[in-house]
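Think of it as A, B, C, D and E in the order they're written, each chain with its own count starting at 1.
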C-alpha cells in the first residue's frame, strides 16, 4: 500500500516535513546564517505545495496548469533578494561585532 | 391685645437677642464696658415683651392658643411643604418668661462675675445667641423649626462651656456635651424622618392630628416617640446620656445657671411636654422609668461629690428626672410646673454658688469652705431658700408644689416609681443640706479661703434676691393662677385621659402629700444631723460605707464605661478604617495598577528581561531562580522566534484537538 | 487595455529610476535634488491616484489589470502611503539620522511605497505576496540605515530574520490557499469558499492560521510582535514612524483583501441581541479576534514600564494594531469604514509622535523619557503638540483619536460584541498611564532650572503644526471624514469580485 | 449675547487673552473672566422663566451631521433649574477660587489658562444636552485638572494627578460604553429625547427600557453609574479623592470639591436615572448600601486622619454619600435633598479647603497634631473656620443642615429605611471629628512657633474675599432654601420622580 | 517467462523514484536543520534543493526545476556559503545550541509535523483531480509573464524588487568595505 499510488498528499507531506525542518532550524539555531538556511527550507516547502497543486489539477484545452509554478518562480526571485539583503545585514553586524550569534544581539532592550 | 400686636411682640422677643448678638459679636469690643449694657437692654426688651405675652396668656386662660404663620419655607415635594411659624400658648408663655427672666438675671449677674475676663464682650454675645436660640425653640410651631433652635442651643452650649478654651478641661467638656447631645439628636432626626415622611409636615397640629387619625403606622409612631425622648434625654441629661452635664460645669458659672440649670436642659422636658399628644403609652412608660431612675442615680452620685457645682449639676440631673417622671406618669402640669420652679431655684443656687466661687476667688471645692454664712450673708440666705425649695419644704416654697404634684401622679400610676421618686426626694434634701452645711455652716476648713472670702457686689446679689423671692412666691401664686393649658387640638390618647383623671383624683391627696413632706423635711434634718451636729460621731460609719461612697464618687463609672465601650472603639475603628482604606480599598486599586505593570513586564518580558519580570512578579522570593532564567536573557532574536513559532504550533495543535 | 491603475506605480518607478540616475550623475553631491525628485514622485503618485477617472464611476466598476484592481479603497491607501512616505522623507531630512538622506534611502522609501500601492490593488495572491515583500525588503535596509550604529544594525538583523520567517510562514499558508482555490486569484479563492466544501477542511484552518501569522508580523500583532520594540528603538525615529504607519497600514490592506475573500462580503448588522460572545465567520475571524484582544492588552501592558520614547511608541502602536484587529473581527462594511477612519487618525497621531520624538532625540541625544524633563517650560509649542498627540493616542476628546475610537467601538457594539468593546475601552484607560508618563516627564518633572528656552526651527514648527492641527480639527469636525470613509467602504463588496 | 454659548465660551476668550498678554496680567484676567461668567450666569438666571417646563435658552447647531442618526451629533445646549443651579454654583465657586489663585507664582500664565479652560469644561457639562457634547465637555475638563494637579500640586503631585486621571478615565469609558449603547439603540444623541423615550417605555409598560432589553439596560446603567460614581466619589471608588485633594493647590481643591464632585451627581440625575429608571430601581439597594458605607465609613476614616486636608477630603466622601443616598431613595424629597446637598457641599467644602489653604500658606504643613491655639493668634480666621466646620456638620442656619434633613426625610420615605437610620450615625461621627479638629488646631495652648504675628497674620483681605462670600451664600442657603429648591425642583417633580415611580411599579408587577 | 513469478515493478518506478527523492530531500533538510557544523548544514541544504528540484521534475514542472537549480543552488546557496565562510572563521563563533533549546525546537517541530500530517491526511482539496499527464510548461510560462492580463505586472514588480534589494544590499555592503 505504501508503495501504491503517489498522490497529492505525499507531496504535501514532503512539504510539511521540509517546513517543520526549517522551523526547527529557525528555532534552535544561534547562527544567523543557519537561521537563513531554515528559512530557505520553509520557502521550498511552500514551493513543493504550489507545484504539486498544479500537477493535480485538470488541464483545460491541453494547456499546462502553471499558476503555482508562476508563483514559485516569483518566490525564487524573492528568496534571492531576501537572502541578499539578509546576508548584507548579517555581515554588517559581523563587521561591527565579529560575531553573528543572534543570542548576542541584545543591546536593544528595555 | 390684637393678634398683630402679639405677633409683633413675638418678633421682638426673637429679634432683640439676635440683634444683640450680631451687634455684640461684631462691635462689642468697641462699645463701652464691653457692650454688656447693650445685651442687657436687648434681653430686657425681650423680657418685657415676654411678660406682656404672658399677661395676655393669663388673660386667655387655659384655652389661650395662638398661631402665627405658617409661612412656607421650602417645598420638598409636591405634597410636602415645610413651613415656619410661631405658636403661642400657656406653655410657650411660661417658657418665654422663664427663659428671658433667668437670662436677664444671668446677664446682670455676669457683669460682675465675668469682670476682667479678656473675652468679656464675647461672653455676652454668646449669651445673647443662646437666648435667641432658646426662644426659637420655644416659639416654634413645628418640629423642624424647634430642631433648629435645638441645634443652635447646642452650638451655644458648646461655645459657652468651652468658653475658656485655652484650657483642656473646658474644651473636652464642651466637646463631650455637644457630641453626647448629638447622639440624642439622632433620635430627633429619626423622629423628623418618620414624621416628615408620614405626615409631610412638621407642624405640631398636623402631627398630632395624623397621630390621632392613625396615619402613622404603630411601630413607627412608637419609634418616633422614643426618638424624641432620646433627643430629650440627651439634651436634658437623662440616663444614660447624662454624663456630659457634670463635666459642663467647666464653663463659667452663669452659664451653668442659665443653660445647665434653667433653660437648655429644660428644653428636653419642654419637647416631651410639647409633643405629649403623640406619645404612645409605651413611650410614656419608658419616659417615666428613665426619669425615675435618673432621679435616683443622680441623687446618689450627688451625695459623694465635693465640687460645689458638680453637686448642683447632679442635682439638676436628678430634678430633670423628676420632670420626666412627671410627664411620663401623665402629671403633665406638675412636670412642667417643676420645670418652671426648678428653673428659678436652680438658677438661684447656681448663681449662689457662683457668688461663693467668686467670693472665694474661684475655689470650688466644698471641703475647703465652711462657715461662709458670716462672710457672705445674702448669698447664704438666698441659697438656703433654694435648698428649702428643692427639698420641697411645704407651702412656702415652690418646689413643694411641683414635686408633690409629680409624686402624686406617680403614686396613682405606679407605686414603684413613686417609691423611687420618694427615695430620690429624701436624697435630694439630704445632699442639698450637705452642700449648704459644708459651704456656709460650721467651722472654716481652709483658713486661706475663708480669710479672703467676701460678699459679692450688688450686680450679683440683686439677681440672687430676685430669684429667691420668685422661688418663694411662684409656687403658691402660680399653681392656682397660671394654669398651663394642656396641648390643644387633639383628643388625648386613651391612657393619657386615664392618667389625667388619676392625677385629679390623687392630687394633694393627703397620704402622698404627707409622705412627700416627710421625705423633704426628713432629708434636710438628716443632712443637718450628719454633716453639722453629729459629724464626728458618724465618722465611724464611714468605713463600712466606703465601697458605696466610692461608687457614688466615681459616678458609677459611666465615663469609664463609655470610654471603654464607645469612645476608644470608635477611634480604633477610625484608625482601622483608615488602614483599610489605604491598604485595602486604595491598595486594591494600586494592586490592580501594579498587577498591570507586572503583567506588562511579563508580557513584554524581553524588554525588561524575563528574569526581572518574573522575579518581581513573585516578589523577590525566588531570586536564585535568576541563574536558571538568565539563559533567557532579553533581547534575543531566537527567543522571540521560538515564542512566535511555538505559539503558532500551539494554536494549530489546539485547533486540531478541538 | 486600461493602464490607468498603474499610473501611480509607474510614476513611483520612474521616480526610483530618476533618483538613481540623478544620484549617480551628480555623484551624490546634490542631495536636495534627489530628495526633490523623490518628493515629486510621491506627490505625483498621490495626485494621479486621486485624479484617476474611475473615481467618477459611482457604481464602483473597477478596472482590472490582471492581478490588480482599482477601487476607492486602493486609491485611499495609495494616497495614505504616499503621504506617509512624503512625511518620512521630510522628517528624515531634519531628523536625527542623517543630515541629508542619500539616494539609497530615497530609493528604498519609494520602493516601499510602490509596494504598498500595489499591495492595495492586489487581488491575486502572487501579486499580493510580491508586493508584500516589496514593502518588507526595503524596510529591512531602512531600519539599518544608520550604518555605523550598532543598534541600528542589530535592529536590521532582527527585522530581517523575523520578517523572513514570517514571510515563509505566510507563503506556506498561501500555498495551501492556492491549493484550495485551484488558482492564485482572490476571486477563485472566494468562489472556492462559496462552494462550501473548503472551510471545514482541517488544512484550511492551518492555512488561515499561517496566513494570519504572516500578516500578524506585518501589523505587529501578538505573538508576532516581538520585533517591533527593538526595531523601532534601533531605527531612526522617522523610519520607525514609517514602519509603524505605512507598513502596518499595508498589512491591514492585505488583511482586508484576504479576509474579504475568505470570509465573504460584509455580514449584515447583527440583530437586536447585544450579547454576542464569539465572533462568527470561521476560523480566520476567530483567530483574529483572539489576536486582537491579546495584542491590545499585551501592547498596553508592556508599554507601562518603558522608559524610552520610541520603545513606548512601539508598544503603543502594537496596542493600536489590536484595536484595528478588533474591527476585522467584527467584519462589516461599517467596520471597514471605521478601520479606514482609524487608520487616518493613526497616521496623523503616530507620524506626529515619531516626528516629535525625533526632534527630542536630536535635541537631547537621548530617547529616554528623562530627556524630556523640563520641556514643558523650555518649549511650549513642542510640549503642547506632544500633549495633544498623546491625548489623541489615548482617545480623549476633543481630539481625532477619540472620534476614531468612538466609531470603532460603535461598530464593535453594533455587531453585538459588547464585551469585546469593553475590553478595548478599558485598554484605553491602561494606555493613559504610559502616555501620561511622557506628559509627566514633559511637564511635571522639573528639568535643569537654567535650561535655555529651546527654539524650534521654522521647518519643524510648520511640520509639527501641519500634523497636529488635523488632530484637533478633525477631532472637532469629523463627520465629513467619517462619511467619506463610509463611502469608500461601500465599495467593499465589489472588492470581493465574484460576489 | 446673553446665551449659554456666551456663558460657556467666555472663559475660552479669557484663556486666549491670557495667552496673548504678558503673564503678570493673567490673574487679573482670570478673576475678571470668572466674574463676568458669574454675571452672565446670574443674568441668565434672572431671565429664566421660573414656571416654564423643560429646557430654556436652547441652542441648536449642526455639528457632526449624519453620525449614526439623520440629525447626527448636534451642538445642542439648554438649561433647566438643575443645570442653572449648578452653573451658578460653578461660576460662584470658580470666582472665589480665582481670587484664591492670586498668589500662584509658578508659571502663572499656564495656571490661569488651565483654570479658565477648566471653567469652560465645567460649564459645558451642565448645559450640554447632546450626549456627545456632554461627553466631550466631561473629558475636556479632565485635561486641565490633570495639569493643575500635576504641575502646581504638592510633593506627590505626579502620583495624585495620574491617579485622578486614570480613575476618572476608567469611569469615563464605562460612561462612554453606556452612551454608545444608548445611541446605538435609540439612534439619538439628544438627552431630552432619550429621556422622553425612557418615559414612553415606562409609560407603555415596556420593561426593556430604551435599550429594549432589561438586562442590557441594567448593564448600561451599572456602567454609567460607576462612571458617575467615580466622580462623586462613591465608596469604593473614592480613593483618588484624598490624594488628589491633598496634592492639589488650594484653589484647585476648592474647584475639585466644590464643582467637580457635583458632576457625578449631576450625571446621575440628568442621565443615568432618567435613561434607565428600571435599572435604577433595581440597583437601589446596592446604591443605598454603598452610600451608607460612604457616609459612615468616610466619617470614620476622616476621624483617624492626621493631615488636615486629608480630613476635609474624607469629609467630602462622607457628605457626598448623602447625594447618592438621597438619589437611591427615589423620592422627591430624597432627590431634592441630594441636589441640595450638592449645592451646599459645593460652597461649604470650597470654604473648608480654603481654610486649610490659609493655614498651609503660613505654616507650610498640615499636620493637625502640630497645630494648636491658632484661635488666639488668628481670631478672625478662627471664627470663619469654626463657622465652616459647624455648617459642614449640619448646623441650622447653614445650607448643610437643610440638605441633610431633606435627604434624610427623603431617604426615610424611600424603600430603605434601615439604611437611612444607619446613615444617621455618620452625623455623630462627623461632629466628633470636626470638634476634635477644631480643638486640636484652634484651641488650647498656642505653640511658640505660631505666636509670631509676622509669620502668622490673621486672614488677609484677599482671603476674606474668598471666604466671606462663600459663607454668606452658605448662610443664605441655610435660611432661604426655597430660592435654590424652587429653581431646580421642576425636573425632579415633573420628570424624574414620576418616571422612577412608574418604573418601580412596573418592576413590582 | 522465468521471472514471471516476480511482481512487475516497472509500473512502480515513478513511485520508487518519488520515495527516493522524498527521503533524500527530507533527510537532507533535517540535516540542514540540525547539523552541528554550519558547513554541513549548507551541504544538507544543497542536497535538499536538488531533491526538491527532482520532485519538481516529477511533477512535470521542468522549467521550475531548472530555475530551482540555477537560482537556489547557483545563487542563494552560493550566497549562503559565502556568508558562512565570511563569518564562521572559527568554530567558536558558531555557537553550539543548548540542548534544552534544541529539544524544545525539535519537539515543536515534531508536534507541528504531526498536526500537519494529520491535517493533510484528512483534507481533500476540491480543486484537485487525478494527476494529469505533464505537458511542457516553458512556453506557457513565457506567455504568462508577458501577458498584461496575467503576470506582466508582477514580473515588472519583481524587477523593481530586485533593484531595491540590490541597492539596499549594496548600500550596506559598500559601507562595510569602506569602513
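Keep this in mind: a residue touches a chain if its C-beta (ideal position, glycine included) is under 8 Å from a C-beta of that chain, and two chains touch if they have at least 3 such contacts.
What you see is a predicted model; the values in this text were computed from it and never measured.
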Seminar exercise, completed: Common contacts of chain C and chain D, by label, are B
Seminar exercise, completed: chain A and chain C share contacts with B, E
Exercise. Closest chain to the protein CA centroid?
Worked result: D
Seminar exercise, completed: Ranking B-E and B-C by C-beta pairs in contact puts on top B-C
Exercise. What is the chain whose Cα centroid lies farthest from the Cα centroid of chain B?
Worked result: E
For this session: Could you tell me the distance, in whole angstrom, between the mean C-alpha positions of chain C and chain E?
Result: 33
Seminar exercise, completed: Distance between the CA centroids of chain B and chain D (whole Å) is 35
For this session: Please report how many Å separate the Cα centroid of chain A from that of chain D, as a whole number.
Result: 65
Problem set entry | Rounded Å distance, chain A centre to chain E centre (Cα mean) | 6
Problem set entry | Multi-partner residues of chain C (each touching 2 or more other chains) | 126, 130, 133, 137, 140-141, 144, 147, 156-158, 161, 165, 169, 179, 182-183, 202, 205-206, 229-230, 305-306, 311, 433
Seminar exercise, completed: Going by residue number, chain B touches two or more other chains at 593, 604, 606-608, 635, 637-638, 641-642, 645-646, 648-649, 652, 656
Exercise. Among the residues of chain E, which are close enough to touch at least two other chains?
Worked result: 101, 104-105, 108, 112, 115-116, 118-120, 125, 127-128, 151, 154, 158, 161, 164-165, 168-170, 172, 175, 179
Seminar exercise, completed: Checked against the stated definition, the touching pairs are A-B, A-C, A-E, B-C, B-D, B-E, C-D, C-E
Problem set entry | Interfacial residue positions of chain A with respect to chain B in the complex | 23, 26-30, 32, 35, 102-103, 105-110
Exercise. For the complex, which residues does chain B have touching chain E?
Worked result: 631, 638, 642, 645-646, 648-649, 652-653, 656
Exercise. Within the complex, which stretch of chain E touches chain C?
Worked result: 115-116, 118-120, 122-128, 147-154, 156-158, 160-161, 163-165, 167-172, 175, 179
Seminar exercise, completed: As the complex stands, chain A meets chain E at residues 3-14, 16-25, 27-34, 36-38, 40-41, 44, 47-48, 51-59, 62-66, 69-70, 72-74, 76-85, 87-92, 94-95, 98-101, 103
Problem set entry | Residues of chain A that touch chain C when the two form their complex | 15, 19, 22, 26, 32, 35-36, 38-39, 42-43, 45-47, 49-50, 53, 57, 67-68, 70-71, 74-75, 78, 81-82, 85-86, 88-90, 92-93, 96-97, 102, 105, 107-110
